[in-house]
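In this document, chain identifiers A, B, C and D correspond to the written order of the chains, with residue numbering beginning at 1 in each.
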Amino acid sequence: MGIILEVKNLTKKFGGLTAVNDFSFEIQRGEYVGLIGPNGAGKTTVFNLISGFEKPSSGKIRFDGIDITGLKPYKIVNLGIARTFQLVRSFKFLSLLDNIVIPCLSKRGKKVSKKVGAEAYASSILASVGLVDRARIPPVILPHGDLRKLQIGKALGTNPQFLLLDEPFSGLSHEEQEVLTELINKLHDDGVTIFITGHVLRELMTLVPRVIAMHQGKFIADGPPQEVANNKIVLEAYLGRGEGFA
Amino acid sequence: MEAEIINFLFNGTVNGAIFSLIALGYSLVYGVGHIMNLAHGAFFMLTGYMLLWFPSFLPEIPWLIATIVVIFVTIIGGLAYIILIKPLQDTSVGVVLITFGLAFFIQEYVFVLSGTTPYSVKEFKIIDGVTKIPSFSFINQFIFLIFASLIIVSVFALFISKSKLGKSIRAVSQDREAASLMGINTNRVLLYTLMISAFLASIAAVLYLPAAALNGPSMGWGYLTNSFAVVILGGMGSLVGSVVGAYIVGYVTSFTSIFIPNGPSWAHLVPIIIIVIMLLIRPQGIFGKKELR
Amino acid sequence: MESLTKRILAIVLIAVIGVGIGVGAWIFLAAPEAAIKYPGAPSGFDKDNTIVIGCAGDTGEIQGDANYEGAYFACKHINEAGGVVINAITYYFGVTKEDTDESNPNLVPSRGVDAARRLIYDKEVDFAVGGFRSEALLAYIEEFMDAEMIFIGTGAATDIFCEKVNETYADYKWFFRFMPINSTALGGQILYTLADFILNINADYPNHDVKEIGILAEDLTWVTSLVGAIKDVLPLLTGGWATMLPEILYDISLSATDMNSHLADLQADGADIVIPVISAQGGILMMQQYALNEYDYLIFGIDVQSQLDTYWDDTGGDCVYETMMQTLYRCNKTSKSVAFWDAFIAQFGHEPLYIACGAYDAVSAIRDAVEDAQSLDPDLIIPVMESWDRSNPHLGVAGNAAWWPNTHDLVAGYPFGYTLWAQWQPGGTKAVVPALIYPDVGAYGNITTGDYVVAPWVHTEWS
Amino acid sequence: MVKEKMKEKINNFPGYLKSWGTTFIGGLTILCLIILTVIPFLSNDLKYVYVFLPQFTLAMIFAIFAASWDLLTGISGQISFGHAIFFGVAGYICAYFIDYQGFPTWVAIVLGSLGAVFFGLLIGIPCLRLKGPYLALGTLAFSLILLKLFLQGSLAHIFFGSEGISGLPSLSDDPIIEYFIIFIFTIISFIVIIQISKSKLGTIFKSIRDDETGADASGINTTKYKVIAFMISAFFAGLAGTFYALYNTAVNPTGNFGTLNSFFAILMASLGGLTTITGAALGAFFFIFLEYILIEIGVIEIGNLIIDVSLWKFAIFALILIIVVRFAERGILRPILEHLKDLWDVLMGR
């Protein structure tokens, strides 16, 4: 299998504030890992650094043996890292199909979509995320759950081997969460490495075999969910903010 | 040489004084509402032409007419916000387009009424005459303008930091949503901001144009470009930056005009070149926060 | 059933819209035909017996209106004198105008082209006069040349048109310039006048050397050659006496502080005389700041706006002591000048601008050329106009018009095309000065109407 | 593979045309094209041929220009307030090569348009960092710099000064031939621009407009595509600019680089409705003919009041822009077309 993502001593400072502080971890190919921490712990910043939307102040990120530190986002995407955003983003005046055609037109997406054509490939992805019947409508009128699916569909369009999912469950109803969980599990079964965040521990606990916990930008724990959940520092981090597991 | 240096310093300071008045309001409106008001220069120009028109049907008491004109332009600024800008303030493109349209309309309206011929409005001078020293003569109105500008800027700074309205203006400029949650009527604050901005532009015109001339309906654009340069230099929304930027632009323009060969024809390009350089190197300006994306 | 009524309704609607558009278009295209009128032409004369002069200018602005006024006034005089007889048929003159919108700072060149086409093909004029802004005229002049129609320039000073006549005579032979003399010649006029003036004024002030000459000019193309000529030649003409200060070419979008700093700059350099070369907005600001600061130099040059009689009020009297080129003022420039001047003021209530004088002379010249040629054919008229050379000038109100045959440019210099120098004097009156430069002009008598007044603060400084 | 596809397309083309012709948009377009084809032959009247017809030519030139602006701003989301840069530069390059180098007109037109593309690259790259109103400001500043440089008398030996270059040949001395040359180029330009906006490239442009970060996250090199958008748009703006120069047979700084030209593009495209491309054409025709009508009406006399309507032209334009931006975000013409479409549907019994 081997290491697919290696993050070493990652630090990001915004002015006087250190959002990510000397953060290191590794992820194996085909793993399914959660990144947890209370609100403001720096999870999104870690994702932004990996996906290239922000440049680290110091530290190294290696993906599949290639140093990707400070590369532009589209280049990182074309190496096989796709991401979704915590706040739903979409091309709001394009149809759902075209929303997915865009990633299929990226360098990496083209490699797989070329044979059948970008549109056919995109509609197969739409089918796999369960939105094929709405291919022609623009995303503005979609319910929130479907927008989350669309996000994942857009990420899939780039044919990723590594998927960063930033709070995919926030704001979803229970049923919607289940549908999405199923979708993510299926992707994992297809061999995509998945790295997922959430600030509510319980959601992730049932999902992932391994979690990494962070607090105030610092690494605090790594291991199976149960182990991490009982970690004293993690508990303090959550309880200290009065959030708990609920 | 001595005379040239005095010339450079004096005219640079006058430039700075006038630019700071115009740019302050412009920067305020941007800082508070993210409204890029392209009609700002037109307010300045319109004030000048109203000074020209109003004496024909008002009693010829200069201070009275000037006051009425300033009030008029302030109201126009407020109306522009209520009628045109407010419904569009969430789309930056819409605001830019509509204020551009407004500026163009005012310009053409003035053009239809007064044509392109220049006019003098010197009867509105507050202090006439010049103060002479052996190597140079200072125009009294400009000296007055420098001090008036400093006083107005200080009063304005006090107003922003101390008054209730000033505090809510600052609150809105820092975080509009939070301010509205705290019970501040952000739209009303924006309305006042726009009126203050129009008021400052109008005051600038009343102080400056009597010692200058009405150079045709398109003269507002030049002052708008200068305000851009000032604000981009000082940082959008930074009031200290606007004042410092105004004097920098003022001195640089004056320096170019006096000391550089062929300078006078380059002097008006300087602010635009400043705009381009600043946009490319440091769009947030010298004093600006890095909020620009 | 319902869909059928809807369909019928739709057809009716479309028919109504279609008919509406059609009727609108018809009215639009057909109606103007009847509306064409030629002011100045006596009533009861049809188009065939009217020689129509088209005025291309900026209607609503002083230059365009002056052009029209001049042409209209000429037509009126010609018609009152019985028109012109060609092959035993009496023709009268009519005038019409089109707005080229060329004074607009937002110049739209296609507007001028459109106006020219309207004159040629819609109003069907026989001759055209006008033009003011060089770059606009450069675009629409082609229309007149393509239509092989005689066009007389009455407002643009640039040399370029006549250079074109010289270079490609076959394409541009229909162009003649009547007003003003070209910018190189303007430079020559300034040179000779100033050289005399400097030498003479030095005699009046034994305690002060009047020799430092500054130039304050707008940074536009037409200025370049003029400024260059003044700089090179003026020292030579004064026998090395006059020395030139570095010229100041300012951007036309000036603000008050700039003009003040330029004037202070000239003062600091020790200028004795400053030559402004200004056609646009700068003059009013210059005179205001000059009068306010009472700078120790004289203003003596070109300031187009100051030719207007409204200039005194526009500057609030600050233009006093400014001396500038003026095409015509009430004096005996030619035997026709004073009569024209008085009649024009009686007709229009204001003084004629130089363009009005040019248009008046242009239309009068057309009348004489048509009479000489006994035809309306440009091919026959052009030789007549070309025959008006230095040995055979055409007497106008603004000068003895004579053309260089190869360029169709006005012959410049006394007694042909030349400009007067006029000074604004206390009380808001203008005087043609100075007597030194214009000796008695033969039969016409002395054309100077006043003595040059040195600004009192300069007088004190220099004495 | 590709060849077969092409063949298939060509074979299907007549059928495609037929089915397209029966749709509302298709039918209307064909109707417009037919009208535009017959219009030059409707009258022999000199005024008609030399004054009325050239208005169509002018409108088509501005239609290309406005459409190019719409491609950059409406489709790609890059707000340009300095589109006159490309318009002016192309005109000047074209004029320079004709007047100073003696190149044939067509070569000069190509060179002018390519020069505009180069400027698209030149302006596009530094402006990439800027977004929204800042981009508007940046492009405006660039156009002002060019305007002032070209206006300066002291630089006249480099930039030809305020009088510009004149005496260019027109496309044809016969207005009808000139009309048809521009007509053909307008059709080609519109087909190309519309096809671009519908193609995958256009979809990418739109994605950058809607959500640049999202496009980045989808692996799209937004920088590259933004520059491409600038260049394509500059090409068509440049094409219009060269035609405008030849229409006037002269170029000068204010007429070709003036901010007014950028304003026209914005005005025409917004009136027709942003992102529609065809709306730009409708807007251009509307404005050119509005001006024509105002000039035709000329001076109105009501009692003692004398109003010269043509003086109010720009004020009216500005007012229309204000009203459109304020009250009709989608443009005026598109809603009208939609109503017409309903009518059409009824007529077709749908």
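One rule holds for everything that comes next: contacts are C-beta pairs under 8 Å (C-beta built on N, C-alpha and C of every residue); 3 or more make two chains touch, one makes a residue touch a chain.
Nothing here was measured: the structure is a model prediction, and the numbers come from that model.
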| item | value |
| --- | --- |
| Between B-D and A-D, the pair joined by more C-beta contacts | B-D |
| Chain nearest the overall Cα centroid | D |
| Between subunit D and subunit A, distance of the C-alpha-averaged centres to the nearest whole Å | 43 |
| Computed distance of Cα centres, subunit D from subunit B, in Å | 34 |
| Whole-Å gap between the CA centroids of subunit A and subunit C | 74 |
| Inter-centroid spacing, subunit B versus subunit A (mean Cα positions, whole Å) | 48 |
| Two or more partner chains touched - positions in subunit D | 148, 152-154, 259, 311, 314 |
| In subunit B, residues with contacts to at least two other chains | 111, 262, 265, 268-269 |
| Chain-level touch network, classified as line, ring, star, complete or other | other |
| Interchain contacts, given as pairs of chains that touch | A-D, B-C, B-D, C-D |
| Residues of subunit D defined as touching subunit A within the complex | 200, 203-204, 206-207, 209-211, 213-223, 275 |
| Subunit C residues touching subunit D - in the complex, by the definition given at the top | 3, 6-7, 9-11, 13-14, 28-29, 32, 59-60, 99, 101, 105-110, 113-114, 117-118, 120-122, 124, 134-136, 138-139, 141-142, 146, 158, 160, 164, 218-224, 249, 251-252 |
| Subunit B - residues contacting subunit D, complex | 36, 83-84, 87-88, 92-98, 100-102, 104-105, 107-109, 111-112, 221, 225, 228, 232, 262, 265, 268-269, 272-273, 275-276, 279-280, 283, 292-293 |
| Subunit C-touching residues of subunit B, taken from the complex the two chains share | 3-4, 7-8, 11, 14-15, 18, 111, 115-120, 122-123, 129-130, 135-137, 139, 142, 208-209, 211-213, 215-219, 222-223, 254, 257-258, 261-262, 264-269 |
| Interfacial residue positions of subunit D with respect to subunit C in the complex | 43, 45-52, 54-55, 58, 148, 151-154, 156, 161-164, 166-167, 170, 173, 244, 247-250, 252-256, 258-260, 293, 295-296, 308, 310-311, 314, 343-344, 346-347, 349 |
